[in-house]
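Here come two complexes built around chain A, the first alongside chain B, the second alongside chain C.
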Partner chain A sequence: MPAIFDVALLASTIRLFTPILLAALGGMFTSRAGIFNVALEGMMLFGSFFGVVGVFWTGSAYIGLALAVLSATIVALIFGFFVIQFKGDATIIGLAINILALGLTTYTMRLIFGVTGGYYDPNLQGLPNITIPIISDIPLLGQVVSGHSIIVYAAFVIVGLAYIFLFRHPVGLHLRAVGENPQAAGSLGIHVKRVQYLSVILCGMLCGLAGAQLSISIVTQFVEGMTAGRGFIALVAIMFGQAHPVKILGASLLFGLAYAASLRLQGGAIPTQFVAMLPYVATILVLIGTRLRPRQSSTT
Partner chain B sequence: MSSVTGQESSNAPPVVEMRGIVKRFNQTVALNGVDLTVKRGEVHAIVGENGAGKSTLMHILAGLIHPDRGQIALNGQPVTISSVESAYAHGIAMVHQHFMLLSSLSVAENLTLGKEPTRRGLFDRIAAAQAVINLGQRYNLVVNHAAKVADLSVGDLQRLEILRALYRGAEILILDEPTGVLTPQEAQGLFRVIRELKRDGKTTIFISHKLEEVLEISDSITVLRDGHVTGTLVTSQTTAPEIARMMVGREVFLKFDKPQITPGKPVLECVELCGPGVQQATFQVRANEIVGIAGVAGNGQSELADLIAGLLPSTAGTVKICGQDVTQASVSARRITGFANVPEDRYKHGLAAQGSVSDNLLMGVHDKPPLSRHGLLDLKAIANRAVELIKSFSIKTEKPASRASTLSGGNAQRIVIARELADNKPFILVAQPTRGIDIAASEFVREEILKRRNDGAGVLLISADLSEVISLSDRILVMYDGRIIGELPAAEADETRLGLLMAGIREETTNASKTA
Partner chain C sequence: MLQKPLNPGLRTFITQTLVLLILAAFALLIGAIAVAIAGKSPVTAFQELLQGALGTRTNIAASITRSIPIIINGVAATIAFKAGLFNLGLEGQMVIGALTGAVFANAFKDLPPFLLLPLTILAAATAGGAWALPPAWWQVRFKVPLLVTTLLLNYIANYFASYLVNFPLRDLSGGAAVPQTVMIPEAIRFGIILEGTRLHAGVFAIILLPILVTWFFSRTSLGYRIRMSGLNPDFAQYGGIHTSRMVLIAMFGSGAVAGIAGVIQVLGVDFRYIDGTLVTPAFAWSGFIAAILASSNPLLIIGTGLFLAALKVGAAGMQRNTQIPLQIADVVQAGIIFMVAIRLRIGEFVKRLLFPN
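Moving on, here comes the complex of A and B:
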């Protein structure tokens, strides 16, 4: 049996953790604005699907990426419309979005591609892997850090931007204020709904990126329900990371590692079914740990 | 620049003029044609019973809600105040009855929220901190700019709210029951700030139920009753009884008879009780007796109440209720033993604001007959109880099923008092029973407490209002620095004797006095 921990494992961790990180960062914005968003899963799935559709129609991976972001953002706005405008229950509407995403992408896949289950065409070109000059030549480090899609590098930049936005930008301050006490924020002349819509839009965009990383980056294909619970794992990452961008990065890395390890262990002595459970078991353990830990207020 | 003293030439247009304001919430008419005129640079008091419409009127002026009818003019110019922002733009800011602060943010962030200083597009923390310091120095309102709001005292929270209004450039400052949560000492501090603002030419509108405060700080007074104006007065030409008559519509007697009764068996016995902030408290409360606790706030009274209620763990000593040792017992076990509790902070510890009035009246006794039978709630008995208590404590609510949060501040408080006094418990702990409650209702609450005592209950009364302690109690204990340092029969107590004990004078301590 090959060693479990090696450079390849780390490289695959980075690829696999990116969708979780992006979705969690998106959910972080809504959760900071006081909206508990369980629709991350559905928004990602829309992103994945329309990413492939974009590539299929135009042959351009970047147009696919744009379409992924656009479609997830539209879905996020629908979610926001019901939650913010009509004050609907966010959990119920979020679950409805998830069900809608699964049904609509499955059905539309049949319409557009004429297939069921999954669509794969070796001629479709996904996002290229970017080789970073100099660093790629460094042994070990180069293998881990270089050769990922643009989305992976964007995700790291977004962590920093999200931090600055939340804790240093006035609008980020408004966002946190709205989430903590909308009445008080409103009494200071902050436009509560506007801020909540902003959080929902940001969430949609990031979920779109997350979906694209799944469907047009590692391999270019769409599979029915291919997000496979990553949106919910992202929710756990938000809780575990106390809705703080840097802590969410850490939490997502942990889950990414669990995914990579489960892929690596498949075909080994342990039955595949158990190995495939690894990321989910890790999530449950983390969730229990988060709940058991005494609550502390989130800080900068 | 202006040297305004409150008596500006009478031909200058009033800074605020509200005419014929009408506001209704569903069936409730909160304001029914109210006029209000406030002169530039004065301190204008608004008084009235609970639910009279004081907060609603001020919410309209501050842009939080819109009137159904009526006009507003500022400095003679007709205006529409469509939002909080537009109120700010007109120089109007309000400090609410329930603070509007964000506890996870810092003082500097709270101060500037909604109008942040920026540098290169980002929040400028240094400038925000500097704003806290500068404004604080100018108006003598010192708050630590780096502190988290969650860690501040009530007095600090209020100072921060006032600072924020000033930061927003307020010329007209609205204070809704600002002294309700303050100790008498803190209230004096607030009055100094109000005088400072007046010297600066700013106008203050001040809501209070305490007529002595109104007489002390205001220049003129508007009296509201049931959504109508029943009087506009010049403070220097009026008296407390006159204001009270306009508020209530009848004479209010601020005195009552207290029949002499020999106290019975002890219902509360504390022996060497120690806990956070409390040291070796030994005392008894007997049946047919009201024991008052006097003391400057922060000397352990609240902690003592929490220790007795079981909300704080004791470190040594014993507590007995009705002869049973409850030192280790849970809150509910203590309640079953025969204990009612009117907590100091009724919004936090006494009410479920999103629950209905009738549910709030039922909590704590919901699982016992006659309200519940065979483990199920008896809805009819519950409804009857609610109707009865709403009537006897004159809680002003549209219907028993209304949410507690739609009630006016004082009416919400009455829910807790009604619930706790309703069942004839042998031992009653009441903290600040008349805080936030209008004078007629305070009279009623005090009479109810006295009635319970005459009917055989023992009462432990904690109040920052010395005259309340003196007039209600049979015996008075004085707390200082966590200890009970003196006891006086109420007949021998007066404000001077108590004041000395409250300052810790009896003990020959040379320690510097505790600063809260």
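Moving on, here comes the complex of A and C:
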């Protein structure tokens, strides 16, 4: 049996955990603002699809990236409009967004590309891999850290920015206050709706990036429903990471590792179906594991 | 003219009718926009859709056949809704139920059919219910939200079932390219009840199950306790109801009914378990939407389920004749949920507009 744990695995972990991390950070903002957001999945899917459409139309990967972010943000605003303005049930609206995303992207894919199932064109150039000058020459570390898309590096920066925004910036404080107690926050003169809209917009932008990382970074292709539950795994990362950016980073790394291991084990002795199950099983185990600990320590 | 205020009952009726009309108009509008984007005529598309769904006897039968798994899944979703739970795992529970039913029927094919048929359905229901139990237990024991775990378990169920029919349970006779189990005994297959169509005897379940579930929730003590723990868990707990147990029971019931939806497809349509046939048409999600549209009223699900099935079948017919992708049905479905989620707001708006005082 070949060694499973090596440098290449770490490198692919970094690539595969980025979508989870970005979607989870996005969901963290809405969660902190008191909105339970199950629409991460759908927002990501819009990002993935329009990322590919952007590349297809213009030939520029960066315009694809911009279109991914824009489309996911528009969808997030629709979500916000129904939840914040009309006070609809966030779970039901969120599920509707997911159904809309799957339906509309598949519908539009058939119209634009005239194909079913998925669209792949080897001539489409996705986001380039960035080689970091000095670090890339360091053995091992260079292989893991260097050579990813710009989204991967942006994700790490966003973790820091999110931390500063939430805990060191007055607007971040307002956002947390709205989530803790909207009435109290409102009575202090905080514009509750405005803050919630801000959280939804941030969430949409980050989900757009997450979707783009899936569709125009590693390979340039779109597959129907390609997010495949990642939005929900990101939800788990938020719970596991207690809606804290740095802890979410850790949680997402764990799930990224599960994805990388799943990818690595394909074609081995274990049937593919069990290998493909791995990220979902890992997510559920982690979710239960986190709730297990405090109880045990309190009884012993 | 309206010097005397209308009686409140009539007011509510007028308001609700108008809200429904607004919902329907909005759904049509969304569909028309999507068709117009495709560069086709919305009028033609709508005609084709109606034709495909209800145009001929065969098409009507196809719509009703399609509604069977949707309505049963809708009933399954409702059982969880009543307990205040979002069971997003209907798909997995349906898959596990269907596969278990197919395996069971083949394993005990020597039993007399009058015994084998109910036992097969029972096995499928038990398996579906059992698949729904762990997330319920995780929620009551570890406070892990069931909404997330039920959804993730769909992927696990689908991969697991796919493994089983690809390898240990695969029908290798006839060199079939599709991973599927062996066919179930002929004696227990549902008969066609309308000559020349595919409408099978499973259709009785779409009347039977909603009535049964309505009776259960309105006439039995257990049904009452489940509803109470869904409406107000703290109050129910205070009143002596074991709310945790209610979560487990409701999820088992929900999963069991989803399992029945799956096995009815096996008994009436496919006559075996075929990899992916229950997942691709998104029966479970349409059922979930049917339940939302019906505001968790099991009897109304018969109507909403038939409507969604006709929409899907009609869209498939439209795709054949106009090249407009059938996913337009999903887009319209999503639009309807948006409207339903805010229908109380629309109601208030209409009321204010019509009866300002």
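Simple rule for what comes next: the second predicted complex is superposed on the first by the 289 of 300 C-alpha atoms of A that agree within 3 Å, B and C clash if a C-alpha of one lies under 4 Å from a C-alpha of the other, contacts with A are read in each partner's own complex, and residues count from 1 in each chain.
Keep this in mind: contacts are C-beta pairs under 8 Å (C-beta built on N, C-alpha and C of every residue); 3 or more make two chains touch, one makes a residue touch a chain.
Model, not experiment: these values are computed from the prediction.
In the superposed model, A:T58 lies in contact with neither chain B nor chain C. Once chain A of one complex is fitted onto chain A of the other, the partner contacts of A:L188 are limited to chain B, with no touch recorded for chain C. By the touch criterion defined above, A:A228 reaches chain C but does not reach chain B.
When the two complexes are overlaid on their common chain A, residue A:A96 makes contact with chain C while staying clear of chain B.
Contact with chain B, but none with chain C, is seen for A:R176 once the two complexes are overlaid on the shared chain.
After superposition on the shared chain, chain A has more residues touched by C, the comparison being chain B against chain C.
When both complexes are overlaid on chain A, the residue A:V236 reaches chain C alone and has no touch with chain B.
Of all residues in chain A, only 38, 82, 86-89, 91-93, 95-97, 99-100, 102-104, 106-107, 110-111, 228-229, 232-233, 235-236, 239, 271, 273-274, 276-277, 280-281, 283-284, 287-288, 291-292, 295 touch chain C in the complex they form. Chain contact summary for the complex, chain B toward chain A: residues 64, 83-85, 88, 94, 96, 100-105, 109, 113-116, 118, 121-123, 150, 164.
Within the complex formed with chain B, the residues of chain A that make contact are 164, 168-170, 172-174, 176-177, 180-181, 183-190, 297-299.
Interface residues of chain C facing chain A in the complex, by the touch rule stated above, are 34, 37-38, 86, 88, 138, 142-145, 147-149, 151-156, 159-160, 162-163, 166-167, 285, 288-289, 292, 325, 327-331, 333-335, 337-338, 340-342, 345.
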